[in-house]
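Following this message is one structure expressed as structure tokens.
We call the chains A, B, C and D, going by the order they appear; numbering starts again at 1 in every chain.
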Amino acid sequence: MTGSEKVPVVTDQPETCRVADAEEKSLLRKVMDNFADHCRSRSLFVLHYCTGCGAIELPPTITSRFDMERVGVSPMVTPRQADLLLITGYLSVKTLKRVILSYEQMQAPKYVVGFGSCTINGGMYWNSYATVKRLDQYIPVDSYIAGCMPRPEAIQQVFLDLMAKIDAGKATAWQDYYLNYDAYLGRQMNLFGQDWHTPTDVVAEAKHYGYVGNGTTGEHTALLDQRATWSLDTVPELYPARGRNERSRP
Amino acid sequence: MEQKGTKTRPRKLYEVPNMDVTPKNKGSFLRPLKALSFLFREPVTLPMEPRPAAENYRGFHVNDWEKCIGCGTCAEICDNEAISMVHIPDLPEDHKNGIKPRRPAIDYGRCCWCALCVDICPTGSIALSREYIHISREMNTFFILPDEKGMHGLGYPIGWGKNEDSDLLDLKRQPMGEVEPEARSDNFDEIVDGFDAHTALIEASRCIQCGMCHEACPTNMHAPQYIRAIWEGNVEKAVEEIYRTNPFPQVCGRVCTHRCETACSIGRRGEPVAIRWLKRYAIDAVSPAKVKKIALADKAKKKSGKKVAIVGSGPAGLTTAFDLAKLGHAVTVYESKEKPGGMMRYGIPEYRLPYDKLDADIAVIEAAGVAIECGKAIGRDIGFDALRSDNDAVVVATGLGQGRSTRIPGSDQPGVFSAVDLLARVTAGESFDLKESAAVIGGGNVAFDIARSLARLQKKTFGKVDVTLVALEARDRMLADEEEVIEGGEEGVKVFTGRGPKQIVVENGAIKGLETVLCLSIFDEEGRFHPKYDEADVILHPAAMVVEAIGQATDVSYLGKDVTEALEWERGRIKIGRDGSTAVPWLFAAGDMVEGPDVIHAVAAGHRTASAIDTFLGGGSSKLEAAE
Amino acid sequence: MRPENYRPVSHPPSHEYELYFGPNHPGIEGNYAIRVRLKGDEVQEAIADGGYLHRGFEKIMEERLWIQNVALVPRICVPDPVPMEECYSRAVEQLGGLEVPARAQWIRVMMLEMSRICAHLFTFGGNAATIGFYTNMFWGVSMRDLFLDLFEEITGARIYHMYITPGGVRRDLPEGLLDRLAALLDDLESRLPDFEDLFFSNTVVINRATGTGTISAEEALAWGVTGPNLRASGLPFDVRRDDPYLVYPELEFEVPTMKDGDALARMMVRKAEVLESIKILRQVIARLPHIEGPVRCPLPNPLAWNIPAGDTFARVESSKGELGFFVVSTGGAKPWRVHVRGPSQMHAVQVLERLLARGRLEDIAQIMFSLDACPPEVDR
Amino acid sequence: MTVETGTPATIVDTIQHEIPGIKVTKQGERRLRIDVARDSLPALLELLKGRLGFIHLSAISCVDWPETDEFELVYHVWSYERKTLASAHITIPRNPGRFVSVYDIHTPAGFYERDIHEMFGVVFVGAPNLRPFILTSWGGPPPMLKSFNTREYVNQTYEWVDYQPDWLKDVEAKGGGVEK
């Protein structure tokens, strides 16, 4: 399961990743982008995915008592319509795969918040074989909240903080996934095995959004290219119904 | 029959009375619309500002740096290895009082806010505040070094702090049995019972393994290790740990000044772990033969062919001898008195240190190959030059054998004794003119040793005790150990504190008593010894004999003129380097005569000296270093 | 946008198809998946897929000191953490021969019942949400939050209290807490008719939930169903009464049951249990002020605390059913083995698979939530 | 002679009468410990369930004992009528870790056996479903085995954050730093 070589960690997202095209932008484009950012920050749809303990504080946050809908934060059941992915605590390896699939399905711009100790440095489960220790090695993260688990007030504040960041055009972690996709993919492969791949063509998306950098492609994405096409049967573990389980076949 | 009984047993499963909550009737279709009334109720929604947390909320850490001693117990108990100790060179370091220059840093990528660190903290410095919001993308902000202001310096009030209910430390020592004062006051039997296996285990379990004792001990005994071994029930391992640094476990297990216990973290808020008694328990629990085997396990197989002579068989001399013998050198110890042990035998009364226990320690040292020649005084029986010429190196460790005199009027009377001299006579069983009443001048441990010895002899001889002890220091600043003062009082020693000796009153050639005056101050403004007295406040303590216990001096006349001149001197003592070396290359000095003040320091000096001699002799002292 | 290598997935030419329920869906508390094979909207077969919340608890508990595990155990079941603390602590007490002081026993009962109310209120909401009644969820969750405020006052934390330790509890109650609890219970009681109007006697809800996911009494026993789910099938078994612990024998309470064993019956049993818990809490409020004394027996230094060798099985009635901890000690400072038997290990796997196979697509979420299965308890 | 049914004494008598060589110990008011040879276990469970009312299989616990090279399996059965929990202890050799399934006696065994199979690698012959449940993404050895060192595995597989906050840089500049 473990690859021998470790991929260097990108702890901090490059702050300048939008500067390059900012220079090329026309004034109108800039104004439009700022306006879009402003609007985005006022309507955040949170993917309804309870990945760990911290999710228990989400119902209070969303419902009457702490009511986050008053600032435009609302749950959303499908990834494709969601803006915000909350990693509410520890991630088992099995969940991480689904998280990556969900994250890749979300439309850019998309934001990720890590809840509590477990997403930062392993937390309570630091010596558990089953959980992932650092979230930012596998998907880019916009913000972390300290706590085990963070209470609703803290979650409120992270929403407000994130909204301010989006409004200011600084919540750009998602671009890092495109710019350094090869490194992210490499670390995912280290954990899941070399045959790991997802249905989303991230490199093509990077081209679409215009965030192709030196790190977008590399040795790991080359492995993906060898596979050329994706089909249900190539990821047996994710979709065990295929070929694995005779009982479910009619 | 029995089978039949079970077979015909009625199945009662469904007959247990129960409460059926089946709804009687469905509500009207419109009933849910009642919820519309909520439109006019006050909303439960809270304002966006974060609420203040509850009074014992477990939020971010705070740590009072003034209180924190850097013991690292918080890091030890932490579930998640979230706490690591950070060495901060700016902070004060105080081994004696158990303070390390380090403070806990906390990883909020690990912490689970269980507050076990708070509950176990020996000082009560660490606490959890009511602050709970920290949001950042910068990983480094999640690793913090909390001080009393908290994570963001905002000074939130403390939430979960030290509390008696949740304190995880056992602050009470296991009780130590002692012989009752009535039963002990007329004999020299050992007073302290020692721990039994069960109490020793419980006492050992109190240790939090912070290692403050190790640092505080002059010879850096591995106290945490042997305490852990005792807790594990492995006394042999404990003895092994003890012998790594101390060949006098029997002695130090009884009469050590236990600097370790002063530094003990548990002692911050409670009673320190009884490290000394645990050591005594360990060594008492292992058979002498086994002790020998353990102590000599690291003895060198080869002989070095070098010879070393050691003058004086006190703790410093014998420790040096033990180390050198284990390294393969031929060591001879010369002792002027009849039996080896020096002050340990002739200075410490038997009720504190039974002689057979001391003999046990010395037997191990002899088993290492050390030759001890008793009754051989250098300068009297053997010349110092001969010693020099016969050996490759010489160590002098003759201690402080001479009592100092107060030189007050009457101190030259026949009935005035020096404490060391008298203690030695008591040990040797020599007779002296014991009187029915006695006065002791001095407030240190030696003064109490002689006072309590005299009390015993008086009780034995006359059936009653009349010993007065006069100390210069006030009661709360007595030099003697607290337990000496208490036990002495129990045995009938009358203690007068804050008084200085004025004169010994003599009438008709017989001592009538000791006159003392009130002491106003002991030291002058520059901190020098210069007591001031209130001459008007005079008390006469009736006594037929007086013992002076105000300090000792050394006698180095045996060195001879040449050597004395070749040596460097400092305030009447031989000047030595840290390793016991003197200005004369082949001559080393150790123990009370050059340093003081107690057995454990002498042992430490012995180790250093032995190591230096081994280097001087060209032997690799690798073994000793490895043992360190 | 459509990736370049996108190929449409072709289903086999069959009127049967497979559907992946979860892991990100609102049908169950937490991160869990069900794979269902459907014919039309009739479920042919359901296969539970767990492990998304697997943290290897049983393994890492073997690596930690007895006291350190106190911080770990509540995390086994997020919505109802107190029974975990109680069960683990009691196992350690049984092995170590610790006596829990009377006052601590009463406080523990209080904590357990508060936690039960919280868990049931949460389930009220969840049950409603699975059939599209979000108002009830909003009410349930905000009501529960008031209890969490009290928890915060007592223990210093909202969710993971880490309050019950072997030998008692960590601190005594803050001043005036019992009054505030009494007021909150009154408040809750006064709110229950609202829940009743909106939800429990709502014709739509009753029609919708009647006959959904029915478990007969025989099945319930055979499948190892416990807790409210068992009682909803007419079997009045409750660990608190059958295998009593703490001061439950001194308390008066009923074990509510229903006969039907369907989703509605399970909801009703939970509703009745909230009332019983209120009753118990009122007794605690009346008795606790008269019980003086320490709240924890003296513990040895936790860094050097060996528990005598042996094994024990401690049981607690959690809001979901029978919770058991099998703890083995070899006389060391750490447990040799801790086995957690969560009630959901039955409910969320074998029982759920069987029930879903009888149901229809639209019932799946409701059945899952009506069983009140707690996936972290399954995965551990 | 009539023996009153329902008391633990009768349970003990019945069990000992039916299955010779069995050791039954009373551990507290409602706890029985039964040590039984592994071959007799299914018969014991049948007896407990069919005649004595122990119909609820509370749990099956597995304990790894590398020193004796054995697995200990503990079957906890509860009787709703007698209010007693009986824990039947058996040991099976670790190699091969193989035992017969009791699914046909107690349905809940299906889950526990599957769980033990996953976590310890014990194979239950006749179990309906031993497919991976929790550890579908796992390629390593059964993690609950004592021989599996989770800490070592974690250190090999994952990286930790290397914190470099400003205060630490200051302290390091002065010669201090994090003590290992």
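One rule holds in what follows: a contact is a pair of C-beta atoms (placed from the backbone, for glycine too) under 8 Å apart; a residue touches a chain by one contact, two chains touch by 3 or more.
Fair warning: this is a prediction, and the values are worked out from it, not measured in the lab.
Q: State the pair with the higher C-beta contact count; candidates are B-C and A-B.
A: Counting C-beta pairs in contact, B-C comes out ahead.
Q: Just curious, how far off is subunit C from subunit B if you go by their C-alpha centres, in Å?
A: One centre to the other, that is 52 Å.
Q: How big is the gap, in whole Å, between where the Cα atoms of subunit A centre and where those of subunit B centre?
A: Computed value for the inter-centroid distance: 58 Å.
Q: Find the geometric centre of each of subunit B and subunit D from their Cα atoms only, then give the gap between the two centres in Å, rounded to an integer.
A: Inter-chain centre distance comes to 48 Å.
Q: Using Cα averages as centroids, what's the distance between subunit A and subunit D in whole Å?
A: Chain centroid spacing, subunit A to subunit D, equals 38 Å.
Q: Mind pulling the subunit A residues that touch 2 or more other chains?
A: Residue numbers touching two or more other chains: 11, 64-65, 92, 94, 120-122, 124, 126-130, 148, 151, 240, 245.
Q: Of all the residues in subunit D, which ones touch at least 2 other chains?
A: 80, 135-137, 143, 148, 150-151, 161
Q: For subunit B, what residues touch not just one other chain but two or more?
A: In subunit B, 13, 44, 79, 107, 109, 112-113, 139, 142 touch at least two other chains.
Q: For the protein chains shown, what form does their contact graph take: line, ring, star, complete or other?
A: Per interface graph, the chains form a complete graph.
Q: Give every residue of subunit B touching subunit D within the complex, in rising order.
A: Contacts found on subunit B: 1-3, 5-7, 9, 12-13, 84-90, 101-102, 105, 107, 109, 139-145.
Q: Taking the touch rule as given, give the residues of subunit A at its contact with subunit D in the complex, in rising order.
A: It is residues 1-2, 6, 9, 11, 92-94, 97, 120-122, 126-130, 132-134, 137, 191-193, 237, 240, 245 of subunit A that touch subunit D.
Q: Can you list the subunit C residues touching subunit D in their complex?
A: Within the complex, subunit C touches subunit D at residues 48-51, 54, 56, 58-60, 63, 94, 221-224, 226, 235, 237, 242-243, 311-313, 315, 322, 324, 326, 328, 336-337, 339, 341, 345-346, 349-350, 378-379.
Q: Inside the complex, what are the residues of subunit D that reach subunit C?
A: So the residues of subunit D in touch with subunit C come to 27-28, 30-31, 55-59, 61-64, 74, 76, 78, 80, 83, 85, 87, 106-108, 110-112, 115, 119, 133-137, 143-144, 148, 150-151.
Q: So in the complex, which bits of subunit C are touching subunit A?
A: Touching subunit A from subunit C are residues 1, 3-7, 9, 14, 16, 18, 23-26, 29-31, 35, 37, 45, 47, 49, 51-57, 59-60, 63, 71-72, 75, 78-79, 122, 125, 137-139, 141-142, 144-145, 148, 158-160, 376, 379.
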